[in-house]
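Lettered A, B and C in written order, each chain numbered from 1.
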């Protein structure tokens, strides 16, 4: 279906507005796409922020172009934001897009070909290309519109360029605010909040720019008011009081500050780098340091040196950087220097998918260090948890003299979500390490025989002088020459993980504690999995889910919980063999990484469903998996 | 008690120049205060209170995932603070917090007209030095060596005469406002050690070369009307003193960092006439002697004429060459400087 | 005792005096005749001379013969990873400017596996003494060619002799932007070694000292002539660098006055390998030091929470 709404349409009068139809929807997904540099991101972010301020649940995901400077109007250049808003809390990016606004037809085509758009979606597209002076472009337009026309979309052509030129000289710089105006009309956004948000976004620029953007916003709004006939009502059902809106990397950065850490060492790597952007400014105010090291190895070395000499420091990286840091991570474990490492996972192996999400580093995080190197691995599941996990991570690192890895991913890193504003507590920053004089005869690894725990001697502590070493060593940090020493010190380092595990609580099952199917997940997939489980339960399917925060040591009680379900399977964003593919047998099938771990630890036949599409999982897709694995009568 | 609030713009300017030293000292106060807080938190609490604190420290992520009581049981407790010593630690903590509240006024003293400069400086340093006294009190209390008779009152005042070598390296800077008539800086030599920086902001008529008498081989001495010259004090490695004086006084910089000869003493302005009138308790002779002393040092280093510039007109003319006794003194100081290797 | 930026809490006996045995750790287990012994003694003497508190002094090393060094000191020590001593030392100093940091590296550590860190540590110019104990060979792993092995010198990995000309660490370090102190000394001249380490310690910034060193097992012959014939060595002297100790004046008669401020001259001296030259080649304290990037003053936990709250306001809905 193709509806043309353009200049040829007569300007509507107020009286005609009775034909405007408003549909109420519990949730809706909106996309703004353009060539990179046309400001679609700003438009999308502002729309998301305004919606959050009005009390909608929001989850925003960046659409990142595949190339740095893609040619204009190429499908590979699709750049923008995908904003899912809901009446209540939104925990994931949802399924397909319901409303899209595109600055050219090619980026829209790209989204269509990626199967990102819902069947009955409303697509608003800039129509200047239809009459472009370049014949090739006109041909491209015609072909694209033809292809899009095959689907059941409602396509609305919008003369963005023409309209914007009535206000600004360079429409390319103004279309995004015009587009925002259209979206504000469709979703009946609070214009006062929108104007404030725009002013905030451009606060560092000339006030004239804010003024111009306000005009463009109004223009888009009034254009929509006189030309469109459909409005969507996603009623804000949340109290926006005391809420923060930020992405996962920002949450990690502020969490680190709240945790009292004041030295971060890093080397630029996508998608982790932006953590350091926040910290650079914050730490400067506190007397802290963000050290951009010469390489990934030096970054972890500096963090370890800093931790060794006092408060716990941290480093941030992504897959390739994790690989490079390996030797130092082993040293952290061996010498029992606390350290926090944040790994913002992206697609791998090797350079992989630098800007896209994957959960493929789990096993590397757990076992990537040669030798036996037991340490803690945690995974926040939401943006809010990104913030709070840093506080816990630092604390565990300090108490257990251990390396703590925090695994997030590109989905959390760039996703934006409102969450309750934390009530900051100075206690999060912890106490400074004990530096009181060391009593005579106390050793730097005075392991408690039961727990493996010991006091850390920090430079400056009188009487604590010793030489820390990465060689196998005894209680006194003396290089081990006797055969039994390595056995004992290995046991002591390992024991700490058992001790920590003894303090963990069994995970809480989402849904009934027994049934046909239990989905197990970790990290950023929580929202999508739980939404899928809820949908399945509404259909009468017996499904529950469980989400792990601690991967090492693993949370207790799993075997017991698994035993109460007919089938247990993980849902993950990493690769696993499809059992139906050639040569794949139950014996040689490579399974999802969490599945692998759970099978090894629980001896339960845990199945898995995983995808590596470079995007977050959609609740709809997981819902399909549940349907396929549970029939109304029981597990399939 | 005189009010130690900066009023003179020159005094606040001097504090700004010394900002780095003020911040360093402030940072040391913060670091000490935080460390002391940790000590008190770790050492004093009951098991129950510790679990409460652990819960707070672990934060919201731990809720539902970590059994706080079990976790707290594995925490290493700090060396307990003896019950009898806890009040001393708390007093020390209060002292540090109260010093932090002073802000930059901690590094400023005002000398009331007619009052003694040395006493005022001792008071200012003794006040900022309470931080050292507080830190020492903590260490003494923890090691069981605290003795009320000897150490009591260290958190109230801890004069520089008690400071250790290390404490003198961390010395708080001080900006002092004083009347020209009370500018008798001789006694300040007692405090110029370690990394001590003192800036005197002189009100009204001043003796022309008061600070000249402080010139010794390792001490940076600046007398100037131009606040920009104070930068040398802030940057000096080692002790330094400066005075902001009226335009008609001597303006000079004695810089131990300069190589043995050239540049060690730069006299930028020398009054054309020797003082004629007594100033406060300073006789004409005393004022003149200081001026002659400066001229003699400059002449001894052979620098006065070529290095002299006269920003304010005819200041280039220098009083008659100094007597041979002064020559000898200058030569002696120069020799000392070379031998000491401090140049 | 102190943490982070100079806490004032210090042990009550802080004015205690330290003697040599206060700095002596485990008995050194290097081969007899190894140059490492001499460097160890010089370092311990330096600590006595400067009266550095053992608990406020950290020796950081990598992996190799010389990297056992910290074990033989009674200070804090960090015997870490091959080639990675400098990042660790940088981390220590960034977090704790109050500590005295010494780095002990071998030639393999510094200019081979850790070469990237050497370049950048030089540029960061963090205040520490970085000693490169250069015996021109991999000793611990039994005689493999190192970057500083002389051309033609035979080893287990290059039995036909090292194919390439030796890397010149002085020339290379002097070529790095923001280098602030570059010196060379020799393990067999203890008085000069001591004077050079002292100058390096007193320098505010990253002090790179290459210590020429004999390995009695694998490279005994490399410096044999120079040891026997002091006239083969030029001593670079200057009040701003090191002066020739009185005890050496009679022996080392070839003295070259060299102003360490003169970078061009330093580079020329470093590049000319026709003679051995010991002394401070270059020194400039005016270079920016990376640890000062840290913005003071520090803030208390409560203050930080207040500032963080203000910061979070911009994300508030």
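Criterion: a residue touches a chain if its C-beta (ideal position, glycine included) is under 8 Å from a C-beta of that chain, and two chains touch if they have at least 3 such contacts.
This structure is a prediction, so every number in the text was calculated from the model and none was measured.
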Of B-C and A-C, whichever chain pair has more C-beta contact pairs: A-C
Taking each chain's C-alpha mean as its centre, the one farthest from chain A: B
Centre-to-centre distance between chain B and chain A (centres being mean Cα positions), rounded to whole Å: 52
Chain B-chain C separation of Cα centroids, rounded to whole Å: 34
Approximate Å spacing (C-alpha centroids) for the pair chain A, chain C: 44
Overlap residues in chain B, where contacts from two or more other chains coincide: 27, 34-35, 37, 143
Per-residue overlap in chain C, given as positions that touch at least 2 other chains: 1-5, 9, 11, 296-299, 301
Sites on chain A at which at least two other chains make contact: 258, 287, 425, 427, 432, 435-437
Touch list for chain C against partner chain B, complex: 1-12, 14-15, 204, 296-301, 303
Contact set on chain B toward chain A in their complex: 27, 34-35, 37-39, 41-42, 53, 56-62, 64-67, 70-71, 74-76, 78-79, 142-143
Contacting residues of chain A [partner chain B, same complex]: 258-259, 287, 380, 385, 388-389, 391-392, 395-396, 399, 422, 425, 427-428, 430-432, 434-437, 451, 453-455, 499, 502-505, 508, 549-550, 555
Touch list for chain C against partner chain A, complex: 1-5, 9, 11, 25-26, 54-56, 58-60, 70-71, 73-81, 84, 86-96, 98-99, 116-117, 119-120, 293-299, 301-302, 304-305, 307-309, 311-312, 314-317
Complex contacts: residues of chain A adjacent to chain C: 49, 52-53, 200, 240, 242-246, 250, 254, 257-258, 260, 263, 265, 282, 284-289, 291, 293-295, 297-311, 313, 327-328, 331, 418, 421, 424-427, 429, 432-433, 435-437, 457-471, 478-479
